[in-house]
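Both complexes shown next keep subunit A, but they swap its partner, so subunit B is in the first and subunit C is in the second.
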Partner chain A sequence: MLTKLSGGRVYDPANGRDGVVMDLYVRDGRIVGDPGRGAAPDETVDLAGKMVMAGAIDIHSHIAGGKVNIARLLMAEEHRATAVAADGLCRCGGGVASPSAHVTGCRYARMGYTAAFEPAMLPSNARHAHLEMADIPLIDTGAYVVLGNDDLLLEMLASGAGEEEIADYVGWAVNATRSLAVKAVNPGGINAFKYNQRRLEVDEPGPFHAVTPRRVLTALAAAVRRLGIPHPLHLHGFNLGVPGNVESTLDSIGAADGLRLHLAHVQFHSYGLEGDRRFSSAAARLAEVVNARPNISVDVGQVMFGQTVTASADTMAQMSNTRLAHPKKWAVMDIECDAGCGVVPFRYRDKAFVNALQWAIGLELFLLIGDPWRVFLTTDHPNGGPFTSYPELIRLLMDRDYRLAKLAELHPEVPKHTILGSLRREYSLGEIATMTRAAPARILGLADRGHLGPGAAADIVVYTDDADRRRMFETPDLVFKDGRLIVRRGEVVAMAEGRTHVVEPAYDPAIERRVARHFEERMGLKAVHFRIGEDEIRGGNGLVRHLCRPGVF
Partner chain B sequence: MTGHILTVREPAGPPIDLTGVLPGRLAGDGAGVTVICGRERHPLDALFDIRDGGPSGSLILRPEGAVLDAVGAGMAEGEILVEGDCGDQAGRAMRGGTLIVEGRCGAHAAAAMQGGRLMVAGDAGDFLGAPLPGGTKGMGGGTVTVGGSAGDRVGERMRRGLVTIQGNVGALCCARMIAGTVVVGGGCGPEPAAAMRRGTFLLCRAPDPPPTGFVDGGENDWLFLELLRRELRVHGSWPAGFPVAGTRARRLIGDRSAGGRGELLILSEA
Partner chain C sequence: MATHRDVVCPFCGLGCDDLAIDEAPGGGLTVTSTDCPIARDAFGRTVSSSMAAEPPRVAGVAATPEEAVRAAVRALADSRAPLVAGLAADVNGIRAALALAERLGAVVDHVHSEGLYRNLSVMQRTGWITTTLAELRNRCDLLVVVGPDPAAFHPRLYERWVLPAPAFQPAVREVVFLGGEPMAETRTLLAGWPVTVVPGDAASLASALEDPAGAESEMGALAERVRGARYAVVAWAAAGFTGSHADLAVERIVHLVTAVNRHTRCAGLPLTGHDNLVGANQVCTWQFGVPLRVSLAGGEPLHDPHRFAWARFAETADVILWVSAFGTAVPAFPPGCGVIVLAPPGTAVAAEPAVWLPVGTPGIDHAAHIFRTDTVVALRAGRLIDRGLPTAASVLRSIAAALQPETAAC
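And then the complex of A and B:
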């Protein structure tokens, strides 16, 4: 079936289109070139005066896995207060900061998102995370496997394993857990926490394996490159949330030594020590370094005011956050031989100096990092705020007057501590399309997503131009998933299943002997059972493999 | 003006969540009011036969065997009479008024209750007067009387108010209690008053084995018991197993393992 989307204004940065009025053609769920005059479309959708973009992609959103479920349990009051009844298409559920799986998919689709990626899947939670992602409808998913605190890797590093052997282990882990990328969370730090350490500097040897975080970081970044995984090492850095942590962040960039590195939720890693309160913005310093180094990309992790829940594998950071819990309850635990898990409910208040400055620091980073291909729109859902606040965030980026009005409402000391008021930049629609569509697809290696060229999946969003960008991005007119209309005027009109995106890097299977021995001695199951089969992902019918190119990425 | 009588049309259906169905809130035939039944929301009159009846400001529910959850949730005034059993969360976050259950009620009855009266003729389930799942604040006021027995974790994290149970209670009764009074006429299960901070747990039979973490404060006469007895006579709910007179009781203080100074009063024979 051939569908013609006629006369829309197309924002497709990957193909160099910035508001070009043109027709798009969709056949069998894919975008095709103009079939010529001879081919009569079976259906024509008139989009004259409308804006057309590819489906949005969230590169960093905690939507599935063990810690998300713990967050749901802790946020039971929220689930009760925001219960959603089934409506014929969408199933029942609830929650805002930690929505239930089905509700997550419906809410993303209503906002024009067609893919979201779970950035922290512990190997031992992988099977659960995949089962949960299969329960998220309407959007594509995928996950990044968390390494860097697991005993086997640290043992290998401590015993002087070579780069090739480390890469083989990482390749095995990515394949076994069906992941799209590799993430390191406070490398070495979570392991140190298990030995009662509450802080670990970049060049400080860990308490048990005597491996420095710098060594873990460089080993993983090199392994990712050697395996040719498209997405660079996704790093949750050191000393999250600690005033003065920008030094550690800059150290991490230095440790990458020119290798590609993605810094996650950098807002939480951009704090200085200046001023009376010993808490200041270091966004300008970090932005300057990021602008100068094309091997570095970042997602921001913007803070949005209101109640949320923070969920992270970084037990070191989360343990220190427990005193700030609101409501007053939390869970912090070790997770097998992998890493840890900390869940702390939190309420960001615009009248609190620290929270308000965090909000300003995030916006500073967005506005000071010049290249929209290397900065991504995230709130680190739910850590900085729920993903449903993205339209509000887009308005803050696109509308300076609105931004200044909001700045004036904050804690009175904050405007003196931020340069936000002097930043004149307003994001264009093309830049928003880049940072939410084209760039995430490119950096994740999703060749057929995030753009509207021939061969791309027909994930298409249609908006009505509205000066209020929040309203515009909150309720798209139409959302197509793989060519099928799933949302009309912000309401789900048809149910569709997403896909799970993975990479399958090649590695030397000889490493499996060592892995099997480790599982035999330390873990609760055998390595062969730990590995997730293809038939376990969406019933064997939903895997999308992306190409690894060793030595190229 | 009269109240309303609601009779379930299809007793074999899924549980009906009656959040928002309160005395005085139903105008005329209840048109426009919707409730969640199973997974879906339905008009109230599709699930219940609604008729005028009963005194003004009252609501009479006839479950006919159906499961009715959250009866009287958030109620502030008026009276609800349930001519049968209730499901879970009866009187959840109640602030005033009276809820009378002629049968039994399920788990989380009087959860996070703030005021008013809940009277259950039969048994109550687990978490009576405790917080809602995931919550941190138990019952903060009001009076609960149970004619039968109750399940585990009665009065957990309770902050204020009075709960009396004629029969037995299960494990962890008054665990993490902060204040308030719980009176039990029968026996209690393991770990009574574990991690109790303050408050009063009144028993007529000594727990076996004795709770750890409590120190013996000796046997004394407590005028408070006579005052409590008078108060409960007003409600007509002095637990049957208790002696009708006498104010002598042994006082255990704890739970010291949690730094608590609550009291476990064990009545002496009159």
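And then the complex of A and C:
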């Protein structure tokens, strides 16, 4: 079946199209080139006057796994207040900051998102995360496996394992857990917390294994490069949320030593110590470094005001955040010689100086980092705010007057502490399309997503131009998933299963002996049972493999 | 005689994956590698139950699967207060049961949720600090077991998770039983180990922690040891707690763990999870946003741990669809209630149900995803034998498919 999408204004940065009026053709779920005069489309959709982009891709959103369920349990009040009835094809559920699986898929799809990636899948919790992701409808998913606090890796580093052996272990872990990328969360710090250490500096040897975070970070970044995994090491950095932590963030960039590195939710890692409150924006300092180093990419983790819940593997940081819990309850868990998780409900208030400055710091980062291919639109859902606040965030980036009006509503001290008021930049539609479509696909190695060239999956979103960009991005006219119309004017009109994106880097299987011994002797679980079979992912349907290219990245 | 090795045991939530099981020719399964009474009994049920596929029954009379499904659909379609419970199934079975419950507007609960709720009610109210089995095994230098010995529910707890020396802690592990006696088997297993039994409860230990001088000598000494531990684990099995407000005992433990973390590291380990209770709660929570004991009658999930506990709601329900795929005995229900049971052949029932649908046991008749007690680790148990039994998931899906669309309530 050939479908013609006729006469839309196409924003497709990967193919150099910035508002070009043109026709698109879709056959069997894929974009195809102009089939020529002889071909008669089976269906033509008139998009004259409409705006067309690829489906949006969220590279960092906590959508599944143990910590999300813990968040749902703690957010009992939210779920009572926001229960959602089944709505046509979407099943019932509920939640805003910790939405249920079906609600998650339906809300993403209604906003024109066709993929979202879980950025913190613990190896021991991988099977759960995959089972849960399979229950999220309409959007593609995938996950980044968390390494860097696992006792086995730390032990290998302590015993002087070489780069090749570390890469083999990382390769095994990515394959065994069916992951798309590698994430490090406060490398060394979560492990140190298990020995009652509440802070660990980048060059400080951790307890027991006596390995420095810098060593863990460089080892993992090098392993990712050696394995040729498209996405650079995805780093949740050091001292999250601690005033003055920009020094550690700059340290981590230094530790990467020119290797590609993705800094997650940098807003939470861009704090200085200036001013009488000893809490200041270091966004300009960080942006300057990011602008100068093409090996660095970031997602922002923008704070949006209101009630949310923070969920992170970083137990060291979350334990200290428990004093800020709102409502006053929280959960911390040490997990399986892997990592941990800390879940702390939180309310960001625009009249609170610190929260308001966090909001401004995030926007400063967006506006000061020049290259939209290296800065990604996230709220670190739900940590800075729920993903449903993206349309509001897009408006803040695209509309300076609106931004200034919002700035004026904040805590009165904030405008004096941010340069936001002086930043004139407004994101263009092309830049928004880059940071939410083309760039995420490229940095994850999803060759056939995030663009509208021939061969791409026909994940397509159609908008009506609206000066109110929030309204425009909140409710697209049409959303196609793999060529199928799934959303029309905010209503889900067809159900579709997502896919699970993975990479399968090659590694020397000799490492499996060491891993098997570790599992047999310590984990009370056999490595063969730990490994997730291909047939376990979406019942054997829907695994999408992406190429690893050792030495290329 | 065939032997299955490295079998994953799906029954108690400890997730043992080292079982050796003999399969008699044309006959049942015998666990040979462990004396665990739960594994031996559960796998051994295949010996006593007929290997030939037992037919479904409607009102006690043998029926075809189609007739039995039709009878179930008739009862459910007319129901005004259905209960979908038992919920003892693998992840796919739970998914199918929840989807059916949503169609019916039913109340949902798991047979063993009472013990889980003593924990969850505290967790939802205050939060907690917890840990997992491999952390216990490899990092814990002081294990404090509170209340009745959890080995009654999880027989291989000490063998697999306490006896092996910690790999990531330079210390010998001590075990203390607080306010409960170790079972005889536990004493035998821990013979030669530093084991103490201390009377009292978590609250008295928490007070002693704050004021060692004011405590009785034994409790004061324990408080000192907890303070001096590198990584203390406090374990309990709430299902064994007695008394009408057992959740308060859990709350005291949770407070104790939080208090110890002001001095050193300490984490709780709530032990639970027979018949994939933890899996049922996980799937329910990710699908509906709220845990078990949820009603879908209003079209949206409404969670109420009191009203929607299955034993209470069974008094109100007019039809009960009960899933017991692991073969746990089906309880008695109030008279006058239409009961549909999905269970393996040979499962004990208190009374002949209106509809009996035999299904396979997860991890015996079909591969199955189940969750371990610590909620983190999910395992895939394999298929060992073929008795020609359908999965609970497939039977539940065929019931849902046969329901008329207009009966959808949600």
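What we mean here is this: the second predicted complex is superposed on the first by the 552 of 553 C-alpha atoms of A that agree within 3 Å, B and C clash if a C-alpha of one lies under 4 Å from a C-alpha of the other, contacts with A are read in each partner's own complex, and residues count from 1 in each chain.
One rule holds in what follows: contacts are C-beta pairs under 8 Å (C-beta built on N, C-alpha and C of every residue); 3 or more make two chains touch, one makes a residue touch a chain.
In this text the structure is predicted, and so the values were computed from the model without any measurement.
K.L.:
Have a look at subunit B and subunit C on subunit A after the superposition and call it: clash or fit.
P.N.:
They clash.
K.L.:
So in the superposed three-chain picture, is A:Gly95 touching just subunit B, just subunit C, both, or none of them (first/second/both/neither)?
P.N.:
second
K.L.:
Looking at A:Ala48, would you say it contacts subunit B, subunit C, both, or neither? Reply first, second, both or neither.
P.N.:
A:Ala48 sits against neither subunit B nor subunit C.
K.L.:
Is A:Gly66 touching anything from subunit B or subunit C once the two structures are fitted on A? First, second, both or neither.
P.N.:
In the superposition, A:Gly66 contacts subunit C only.
K.L.:
For subunit A, which side has the bigger count of touched residues, subunit B or subunit C?
P.N.:
Per-residue touch count on subunit A favours C.
K.L.:
With both complexes overlaid on chain A, does A:Lys194 touch subunit B (first), subunit C (second), both or neither?
P.N.:
second
K.L.:
Output check: A:Arg127 vs subunit B and subunit C. Expected answer is one of first, second, both, neither. What do you get?
P.N.:
The second partner, subunit C, only.
K.L.:
Looking only at the overlay on chain A, choose which of 187-195, 241-249 or 277-285 in subunit C hits subunit B.
P.N.:
Once both complexes are placed on chain A, subunit C clashes with subunit B in 241-249.
K.L.:
Enumerate the residues of subunit A that count as touching subunit B in its complex and touching subunit C in the other.
P.N.:
After superposing on chain A, subunit A residues 73-74, 76, 79-80, 83, 85-86, 91-92, 329 contact both subunit B and subunit C.
K.L.:
What does subunit C use to touch subunit A in their complex?
P.N.:
6, 8, 15-18, 91, 95, 99, 102, 120, 123-135, 137-139, 160-161, 164, 167-170, 230-231, 261, 264-265, 267, 282-283, 285-291, 296, 298-303, 369, 371, 374-380, 408, 410
K.L.:
Taking the touch rule as given, give the residues of subunit A at its contact with subunit C in the complex, in rising order.
P.N.:
64, 66, 68-69, 72-74, 76, 79-80, 83-86, 91-95, 98-103, 122, 124-125, 127-128, 131-132, 135, 151, 193-196, 208, 319, 325, 329-337, 343, 521-526, 528-529, 533, 536
K.L.:
Quick check: in the complex, which residue numbers of subunit A touch subunit B?
P.N.:
By the definition above, subunit A touches subunit B via 73-77, 79-80, 83, 85-86, 91-92, 327-329.
K.L.:
Provide the residue numbers of subunit B that touch subunit A in the complex, in ascending order.
P.N.:
So the residues of subunit B touching subunit A come out as 36, 39-41, 132-136.
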